[in-house]
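Below you'll find a set of structures to go through.
The two complexes that follow have chain A in common; it is paired with chain B in the first and with chain C in the second.
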Partner chain A sequence: MSFYLAIIGTKDNAVYDLEFGTFRQGGDGTSKFSADMKQLCPFIVHSSLDIVEEMQWNTNVMHLKVIDKFYNYLISAYMTAGNMKFLLLHETRADDVVRQFFVDLYDLYVKTLMSPFYSVDQPITSPVFDQRVKMLAKKYL
Partner chain B sequence: MAAIPTSLSEPSVADSEYTGLDRSRILSHPKSTTPSPSPAPSLSLSFSSFLTGHSAVSPGGPLSPSNAVSPSHLSAVASLIAQSFTPRVSIFASNDANDFARDKGFASVLDLFRPFGDVIPGPVVVRDTQGISTTLDDFGIRFTSSALFPSMQASHQQSSPKSRKEPTAPCFDLQDLDALLDIYLGKGIRYFSTDLAAPPAGLHDDLYYRFLQRLLASPPVSPHESFAHPVAGIIAISSRNPQPIETLSSLYKAGNDAVVPPYMSKDYLRYYVLIHDEDHSDLDRSIALFERMKRHFGFHCHMVRLRSAKADLSSSEPILLLPPSQWISAAEEIALLKSPPEKHERYIFDSDVQNMRAFVHELVVKSLIPFMERCVSTWNDQIAASRRGLTGRFFSASRRFLGSNNRGLGSGIAQSATSGNYDPITGSYGFMTAESQMRKLADYGFMLRDWKLAHSTYDLLRKDFLNDKAWKYHAGSHEMAAASLILSGTPLSSKTRADTLEPLLDSATYSYISRCSQPTYALRTILISSELLRSRGGGAADDAARWLMKAISEKLMGNLAHALIIERVSACYSIRKGVGSQGWGNRRRKAAFWQLVAAKEWVGLDKKQHARLCLDEAGENVYDALDWTEEPGQLLFELRHSTESMVYDSSVS
Partner chain C sequence: MARTPRQVGEEVWKTRIEKVNAELVTLTYGSVVAQLCKDFGNDYIQVNEQLDKMGYNIGIRLIEDFLARTNTSRCRTFKDTAEIISKVGFKIFLNITPTVGNWTQDNKQFSLIFDENPLADFVELPDDGKAVNELWYSNVLCGVLRGALEMVQTQVEAQFVSDVLRGHETTEMRVTLIRILEDEMPVGDD
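Coming up: the complex of A and B.
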């Protein structure tokens, strides 16, 4: 199974994105997307923002669950209090696990945000952040 | 003389009333201008005016992103779809009548009549079963050849019933459609538009509607729907015939004796036409003959006065360029586009046009519509009424449980009580069975645009077909039930869509694809309903996009059509406007995304010019505002690069 994670800023800008695979069922943590799919991923996730924007006003929870799909791929979304969107493209439905993953990711994101050298919507380039996200992915997905 | 043929008196009416139509549908070539305009643009103009009957394709583009769904747009799509399900009129012409048409420069009488059936000039009033009259200004009929009867090839194989399996003719030819699209794209998208300043969004629509029209143009005669069965037959002779009454009788007899498949009824309206040759025949003799015809054959007669001389640019009288019928099939249009312009640019005298219009108008208003209304009310009272209401429900319930016992008992009046009407070997119901007549009732209702009647009848039918396991009928009734439901204008809440429409479309496509392997019909189902849903806007447009995606993932079409339909998904999303100043709930990103997917597909098919158009639009609407030049937007970058040289230029045609 393969995943694509994107953190989208308040102006539809990509703050962070990561493509990874599962470590379960003998996976080695690399994604198995086809070449076409690799290219399309950012666009799919971007197009799902339409649905996120529509849904965010109808609910008071942060985890919006699966909001959209593209053929067999599902897109889960999580809204932060600061209007950042976490979007995860995945293949099977697992709301609980994805929610735990998002909550921990939010924790990481807030810690990044607290850095005096980081401002909202700036791309996150920190290798430590990257490392921690990968560990989260390994833990939950 | 008391009875002057109507065609004598009508032209003046036609003159004053239909001039508006004149301008839009048939290009006039005034004699004063130079008679050598470049043929290509004039042809393209006459083609592109294909939707001009509707106000929606007015300059400016009805679907430009700036304005919301307008009612006129709704009627444009609905009218295109309604027009594709119009009564068929077969033509049985005598040899002398065909000779007459050949003298005029047409292949046959059918060829001459056909363009005039597209839109009936003047309003057509239709009364529905509730007694409410509606005026249709875009009603049309389709003239077809009598050879379209699937008669001879199927008829004499009756001795070997095994070979007469369910007819599996596709609804349209996928290869032809793809080839046609290829030609269209080669000509560039502006080929379809008369308005050079129209925004590209509207141009996409024109191309797509053109494709849809070709797809819907010529469904084959099939047992499960009666749209392609003739509603009327025209028996035509010319004034040159030495034995007119005998010829008419023998043509009638030939039509009556023709062996048609058991599911097809021969109870259609007969209409007798005398073509008077203005140049060679004596008018008094023709009038006398017409009087005799009326005495012999009754009310359904008409005399149309046409000149037999071939009209060309050198003749002294006013002439018009006669465009081909808008509803020619894809194969016919390919042949037309490939032939040199002299071949298909045909001129006709102005007086002939007026007379033909008067003839078609009278045929429809005085004979065809009353005939269909009569059929509808008869069938509705005799067959359908007993099935509706409480007793009808008990009846069908008892039928369900006792069906197998009842078989063969009620052969007479209680035919609807038997369940053995379906013949699984031929896969059809005989034309006298209650099911077949109900289906015809529903189809007539649909053609006369009585959507409520059509929907309720299809709804009754679909349960019967399920019980009988008549899958093609089952699919067909679901398909049309869905279409008539959307067309009837009932508000489609998300609950109605999920509870009513979704299951209808689901079973229609499932039955067409899996149970009777008719993917072309499934594609038709999806394209019709999604187009109608799209015209409703709002959440329905999302559903429209979803159904198109289903068609895409089922791979129901050829390569170019595939890309075109992907592009259409984008159009479904772009129709959806959000609320408030921010447009919450709009789908602009989705629309841009599907434009991008379409562009990728077009590049793969080497249609780079069109791909560039999609890319530019997607970029303009959404992607340019993002700083995605390199990393995540790699695909966009690559596609732009590969279509670099193809920046759209409107001068390319």
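Coming up: the complex of A and C.
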């Protein structure tokens, strides 16, 4: 079971992305996407951005749940107060778990924003952030 | 009655100090440093100097505030000075008490070891390779100490020797006594 996470900025620019696999049932955390699929992931996720922007006005909560499907892959979205979009490509439906993951990711994101040397929409390159996201993935997914 | 520096610090902190939101201080100081870095084109040595100058200007004024609030009497030795700085000074302005340690034999140098630094909460230095080797993020504190002590006839040199933001184990500032300043007569007086 594999996942692709993307954080998209307020100008639709890429801020962070990560490919990982499930840690449950003995999974080792590496994604099992085929080579074709690996290349397609960013495209699929970015193509659902239009839908995110449409859906954000229909609801007043941040978690938009599953917004798009691509063959047997689902895309869930979470829209933060500062217009940052968290998008997750996954295979099985697990709304609650995904929501908790997004909420903790938001917390991590806010901590990154607090640094005076980080400005909005800047790509996140910190290895500490990377490591913490992986820990979150291990915890929830 | 408050007698030890620690008790004086606690008492003044509780009763005579107006509080402000800590995150406001952290974010304001953060934007000062970030802006300085941009203005000087990431010349971190210059930024360190500017922070020290700013701290000096703060320190020469801060000492009056400190003396007015705490009514501390003149320190008899440099060791007393160190205790007052860490238990009363830092306590009433930042609500932290850095540990005093690493005294030299002649008692003219000591270290302040910070186990928490509210100015640097959530800060990550830019990863351009230079900042992590050249920038002392909290350098304003060195200037503050230098300025404040100069106003009470004590000339010191203060600089950071390690910083957790740079990946070290602790944040440590080394303070060295240069000399006690005697009052000088203005030139031309008979």
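By definition in this document, the second predicted complex is superposed on the first by the 141 of 141 C-alpha atoms of A that agree within 3 Å, B and C clash if a C-alpha of one lies under 4 Å from a C-alpha of the other, contacts with A are read in each partner's own complex, and residues count from 1 in each chain.
As a convention for this text, a contact is a pair of C-beta atoms (placed from the backbone, for glycine too) under 8 Å apart; a residue touches a chain by one contact, two chains touch by 3 or more.
Fair warning: this is a prediction, and the values are worked out from it, not measured in the lab.
Partners chain B and chain C, once the complexes are superposed on chain A, both fit on it without clashing. In the superposition on chain A, A:F117 makes contact with chain C only, not with chain B. Judged by the touch definition given at the top, the superposed model places A:A14 against chain B, while chain C stays out of reach. When the two complexes are superposed, the chain touching more residues of chain A, out of chain B and chain C, is B.
For the superposed model, the angle subtended at the Cα centre of chain A by chain B and chain C works out to 150 degrees in steps of 10.
When both complexes are overlaid on chain A, the residue A:V128 reaches chain C alone and has no touch with chain B.
The overlay of the two complexes leaves chain B and chain C separated by a minimum Cα distance of 19 Å. Across the complex, chain C is touched by residues 111-112, 114-118, 125-126, 128 of chain A. By the touch rule above, chain C contacts chain A in their complex via residues 26-27, 30-31, 33-34, 37, 121-127, 131. Residues 549, 553, 573, 578, 584-590, 592-594, 596-597, 625-628, 632-636, 638 of chain B touch chain A in their complex. Interface residues of chain A, counted against chain B in their complex, comprise 12-14, 17, 39-40, 42-44, 46-50, 53-54, 57, 71.
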